[in-house]
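Chain naming follows the written order as A, B, C and D, and within any one chain the residues start at number 1.
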Amino acid sequence: MKQLLAILVDGSVYASWLFIISAGLTLIYGVMRILNMSHGSFYALGAYSGAAMVGWYFSTGSVPWFSFVALIAAALVAGISVGLLVERGLLRFMYGRDEVVMILVTYGVLLIMEDAIKLIWGVEPYFAYQPYTLLGRTKFAGLSFANYDFMLIGVSILIGLALWYGLNRTRNGKLLRVVIHDREIASALGINVARIFTITFLIGAGIGSLAGALTAPGLSVVPGMGIEVIVLAFAVVVIGGLGSITGALVGALIVGMARAAAVHLYPDVELFVIYAVMGLVLAFRPQGLFAVANARKI
Amino acid sequence: MKTRSLALLFVLGLVVIAGGLLLPQWMSYLFTIAMGKGLVVLGLVLLMRAGLVSFGQGLYYCVGAYVAGMLTQFVGVTDILVIMLASVAVSVAIAAIIGLLLCRYREIFFAMFSMAFSMILYGLLVRNQFLGSTDGFNVANPSLLGWTPGAEASSDLVLIVAVCLVIVLGAVAWRYLKSLSGYAGEAVRENEIRLEYLGGSVFRVVYVKYIIAAALAAIGGTITALVSGHVDPEMAYWTTSGEFVFIALMGGTAHVAAPIVAAVLFEALRTYAFAVSPYTWQMILGFALLAIILFMPSGLWSLVERFQNKKARKTS
Amino acid sequence: MSALLKTVNLERTFGAVTAATDINVELNTGEVVGVIGSNGAGKTTFINMVTGYIQPSGGDILVRGKSIIGKSPRDVSLAGVGRSFQVPQLFQELTVLENMLIAFGFSVDRKLSFLKPLRSKEKVEKALSVLREYEIEQYAEEVVSTLPQGVRKLLDIAMAMLAEPGLMLLDEPTSGVAIEDKFLLMDTVMAAVRKSDAATMFVEHDMEVVLRYADRVLAFYDGRVLADGPTQTVLSDAKVQELVVGHHLDLSENEASTSKESAHVRT
Amino acid sequence: MKRPLLTAATVACAMTTGAMSLNVYANEEYKLGLVTFLSGAASGPFGIPAKNAADLVIDAINDGTLPAPIEGKGIDGRMITPVYVDEAGGATKQTSEFRNLVERDGVDAVVGYISSGDCLAIPAVAEELKMLTVLFDCGTPRVFEEADYEYVFRTHSTASMDNIGAARYVHENVPDLESVAGINQNYSWGHDSWRDFTETLKVLRGGDLEITTEQFPKLFAGQYGAEISALQVNSADVIHTSFWGGDTDAFVLQAAARGLLADNQVIFTAGETALNSLGDHLPDGAIIGARGPFGPFAPESELNTWFQTEFTERFGTPPTFPAYHMAHALIGLKLAQDKAGVGASTEEVITAFEGLEFDGPGGRVEMSRGKGHQAATEMVYGRLKRVDGEITFTDITRYPADCVNPPEGAETVEWIKAGMPGAECN
């Protein structure tokens, strides 16, 4: 019973983290058909800028509660401005290339960003643990959980709702969905696809960066942290169906729960859980759980 | 192939081997590694010509390397030819099974799914204490038909075998690409529906190519294992596979020699970047990658083709 | 002897939409059948089902008495059913000749050789002679994606015909082709088709073309076969004219004649 | 087919021969290849502190300012010129970079390698190229257990020592010890550490040991929520972890925030690197190791005081164990060279190095294992205790080298399982 409860809570916390790190990735793929390898670098960028900002903020001795604002604002500013640089300065010259080529383009961006981050922040670990400890913990059933983790669940739900609202209830979102559905028709309808692409990339990069910032308080921000999350985010997105926000949510939940169960029941298989889930899903639904198969005209 | 071409190829092989042996050892080492990687990328190029990009060639690269390592270290088989055959046999067997599932997928799904399989191997190796987990284990020096060259000459032996393999397999691949089976790849890339309606089996075409690519990757892995004397699970990690795609893109898919040449250049570039700028070598590689994609979309081989076209125009 | 093609109560639904229902058609060797119907009437769905591209939701398809339900396009084409496409399905980045050679390899030689060069002299000769027949030999070394639609359509058909299918289905062979070239194209195709004793079925929107080449017409409307019979009979049917052709067709001038010179359409 | 091949070959040759121009060679210098992580997750906690230590110690050796008894400027009069190489990229790349160092850059010796995989791959190449190589930080006992090497030395103890020492410490210092749980990274280091720890503890307790849960999260996973819950659900008297670097930091932060560290006795075998940054989050009583007598556990000596002060002054943080490891490797190398005398051949230096005993900033180093090529040192553990906000240690136990290191020629796991015959602990 205690174990089941632990699995549920751990699974939800991990799932919400997975959702935050993969939402931006799937959005960018859905609209732009770019599987963004540098997503992890935006994650690292957010973590570094957020942690650096929080460190500075506390050194000024201001009110601790506003550190959350500092954390998030720093990450969003950094993520969006670098995103703008990457999209306007590089990606827009590559649109229309093969999807696999785009993977390599973003892989190049990843390599550059990894070293650029190192040049800016060095290799010393950065800490932003104050927001993490500030919220305290909750004890129940002999277990104790960090409230920050519960907040993470809330934030991921907020991000999910915001994306859903943005895509389904706003004008721009509807335009976006037209682009997702059929790019050619979209431009034929006079939709400014280039602008949609820029906006999408900025949102995606911003969420990626935000994910890093939200993760930063729970760990030390070190070089290479971005590389580690890419494979995870890819797996989640592939399971859910590339380009589907709902898919990312469901994929994150499945992987999160499966991993938590493995840790508690069969720690030995923890490493394989994610691939096992991926294999199972793809064997029965090659397009992922929520992707729409695109028909071909003959 | 004409006798003249064969003779030229033979001479080229001798020149490369002689050159390789005369190089300072660190360069001939790099060159041998490049030959190994070149073969892996050659297999990848076969797949890419069929429109499939595998981000999981590291799987077979690693299998080949581990077979070589286990044979020399635990079984005591050191004959390089036996090792090659065993590596190829094992990886072909694995590819024949995985291929049944994988060859149904295309594009990004093929890429991601192939990556997942190689990551599974990585996970299995990491869990395996007997095979040294992440540390891997050392590979003993190879022999050839009863001749044991010893520690110093064994890297020369591997170099010679590697160059011979590259030339023979390259020539075979060249013939292959000109055959119906070779063109079948392009046919799959361009239009699967048409191919099916012509009565061709798209699955079979892809499946065969996948197995060939796996065999080539295993040979490349074996060469690497024998020359570096060590194997570890890193060979199956996705970044290794990514590197192969990098090299493939760098060379282009226009000619069988492109991946080999690209592998040599890549090793040179990487070791330069390492030496010139130990802190920011990744950045250098990143910029090189972007530059190639931006300015030479068909890879470095397009330079050779441009050069040839100019010459052809002049002489005509 | 059983019919070359026979469909029994063929039906296909996409979700709530019924694309085809209650289709019973029989076709025999040597027949040339025009298929008409407005967009969405079920013509292409019919062809796609007969060639295995989509599976029917109900009913049966028999080719020479054998059911092809559940068979892939590949198996169907191996059973002797060939088809061309509304949008030509070619190997876009290869040359016309290479397209032909690949088609030869797969549908005629049927041996996936590994080391024999594709471009052997003898095979190139053969391919060129077929291209000559379709009057596109001059494009042999051009890359397909650079060629005009008419050439692509011809190549598409030529490749499908290589296997000498007993039943050939042409999906809008003249769509996208300039008006002045339509007859030229159809003449070429029909000449090639008539050389074999294949049954031919072609989807066509242009009634002039139908009139000139078809012996028999299948008119589709709303997923059903509205009329099936000799060309003249079907095209003069009032219902067909109203629902399928969309205007009155004057057939008076070529009554009882297969003369192709004077067909015209009054709008 | 021929012409494109030739063209390509020409281009390739032109590119690669350019590499020759990197050859720079001067006689008056002692070129030293230094390989540590300059990128990736191991660079922050290990690679860069080690590099910093190398910069500091090399400068001091060149200036002759190292405290007595170490004397003389440079290595037998030659000034050390370091050539840095990033250890990133795996063993295959590293063997290739090692060859580059030896043959292209013409180094006189190589000091390096943090990753155990690299430490297993490099020695074979070092033997082949006859290059004096000092491994400075990697932990795997397999290096000298699986083979004998002539040109390869390691100036610190294996990781087995950490965990044998850890087992002894908890056995002696944790009252009513019944059960243990472990959280270790899912790779060789983690598996080996956990195995050595539990096997030793079993021996010490006569086989009576309950293991409540053994967690092996992925290396650099960063998220340990589920593992921490599992450790809470399967509560044990002692939780063992060999986490290092960023993973230690993340685990400490997350475990502290959830009360795991306060409610449970945890032993961090490589926890010292987290002290400076996250000491506040570690509760009193946490058992900390530094992979040897390093950092807060270093014995008092003039050399150590010099090292601590200079390092802290120059780099802003006190030296951690990777820095000590590097300092020991460099000092060992210098002493061996000096002992062999000016103009000595590599083989003479090796003879001088074999069985060498010397004092580094982290105490006595005896090259007494692996036929004189592998060091054995003492091991220290202590419990964290805050005194007026300052971090100090109580219950410090120092285990002599022969107590926590298998004797010459013994294979670690077998030795432990055999009941650690011949261990001398007093």
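As a working rule, a residue touches a chain if its C-beta (ideal position, glycine included) is under 8 Å from a C-beta of that chain, and two chains touch if they have at least 3 such contacts.
From a predicted model like this one, the values you see are computed outputs, not experimental measurements.
Asker: Quickly list, by label, the chains bordering both chain B and chain D.
Answerer: In this structure, the chains that contact chain D and also chain B are A.
Asker: Starting at chain C, find the fewest moves between touching chains needed to arrive at chain D.
Answerer: 2
Asker: Can you tell me which chain lies farthest from chain D, using the average of the Cα atoms as each chain's centre?
Answerer: Using the mean of the C-alpha atoms as each chain's centre, the farthest one from chain D is C.
Asker: Going by C-alpha centres, which chain is most central here?
Answerer: The most central chain here turns out to be B.
Asker: A-B versus A-D: which interface comes out with more C-beta contact pairs?
Answerer: Output for the comparison: A-D.
Asker: What whole-Å value do you get for the distance between chain A and chain B if each is reduced to the mean of its CA atoms?
Answerer: So the centroids are 33 Å from each other.
Asker: Between chain A and chain D, what's the gap in Å when you average each chain's C-alpha atoms?
Answerer: 35
Asker: Could you tell me the distance, in whole angstrom, between the mean C-alpha positions of chain B and chain C?
Answerer: Chain centres of chain B and chain C, defined by C-alpha means, are spaced 45 Å apart.
Asker: Roughly how far is chain A from chain C, going centre to centre by Cα mean, in whole Å?
Answerer: 50
Asker: Residues of chain D that touch two or more other chains: which are they?
Answerer: Within chain D, residues 38-39, 186 contact more than one other chain.
Asker: Out of chain C, which residues touch more than one other chain, so two or more?
Answerer: Within chain C, the residues that touch at least two other chains are 53, 85, 89.
Asker: Going through chain A residue by residue, note those that touch at least 2 other chains and give them in order.
Answerer: Residues 114-115, 118, 268, 271, 298 of chain A touch two or more partner chains.
Asker: Mind listing the chain B positions that touch chain D in their complex?
Answerer: Interface residues on the chain B side: 5, 8, 12, 16, 19, 24-27, 29-31, 33, 126-127, 129, 132-138, 151-152, 155, 174, 224, 228-232, 234-235, 237, 240, 255, 257-258, 261, 264-265, 267-272, 274-275, 278-279, 281-282, 300-301, 303-305, 307-308, 311.
Asker: Show which residues of chain B lie in contact with chain A when the two form their complex.
Answerer: Residue list for chain B touching chain A: 53, 55, 101, 104-105, 107-109, 111-113, 115-116, 119-120, 123, 126-127, 193, 238-239, 242, 245-246, 249, 279-283, 285-287, 289-290, 293-294, 297.
Asker: Spell out the residues on chain C that touch chain B in their complex, using ranges where they run on.
Answerer: Touching chain B: residues 51, 53, 72-74, 77-78, 82-83, 85, 89-94, 98, 101-103, 105-107, 109-119, 159-160, 162-163 of chain C.
Asker: Which part of chain D faces chain B closely enough to touch in the complex?
Answerer: 1-9, 11-13, 15-16, 18-20, 22, 38-39, 84-86, 90-93, 95-97, 99-100, 102-105, 116-117, 120-121, 124-125, 127-129, 140, 142, 146-147, 186-189, 191, 219
Asker: What residues of chain A sit close enough to touch chain D in their complex?
Answerer: Those residues of chain A that touch chain D are 2-3, 6-7, 9-11, 13-14, 17, 114-115, 118, 122-125, 127, 129, 132-133, 137, 139, 142-146, 148-149, 215, 217-220, 222-225, 228, 259-260, 263-264, 267-268, 270-271.
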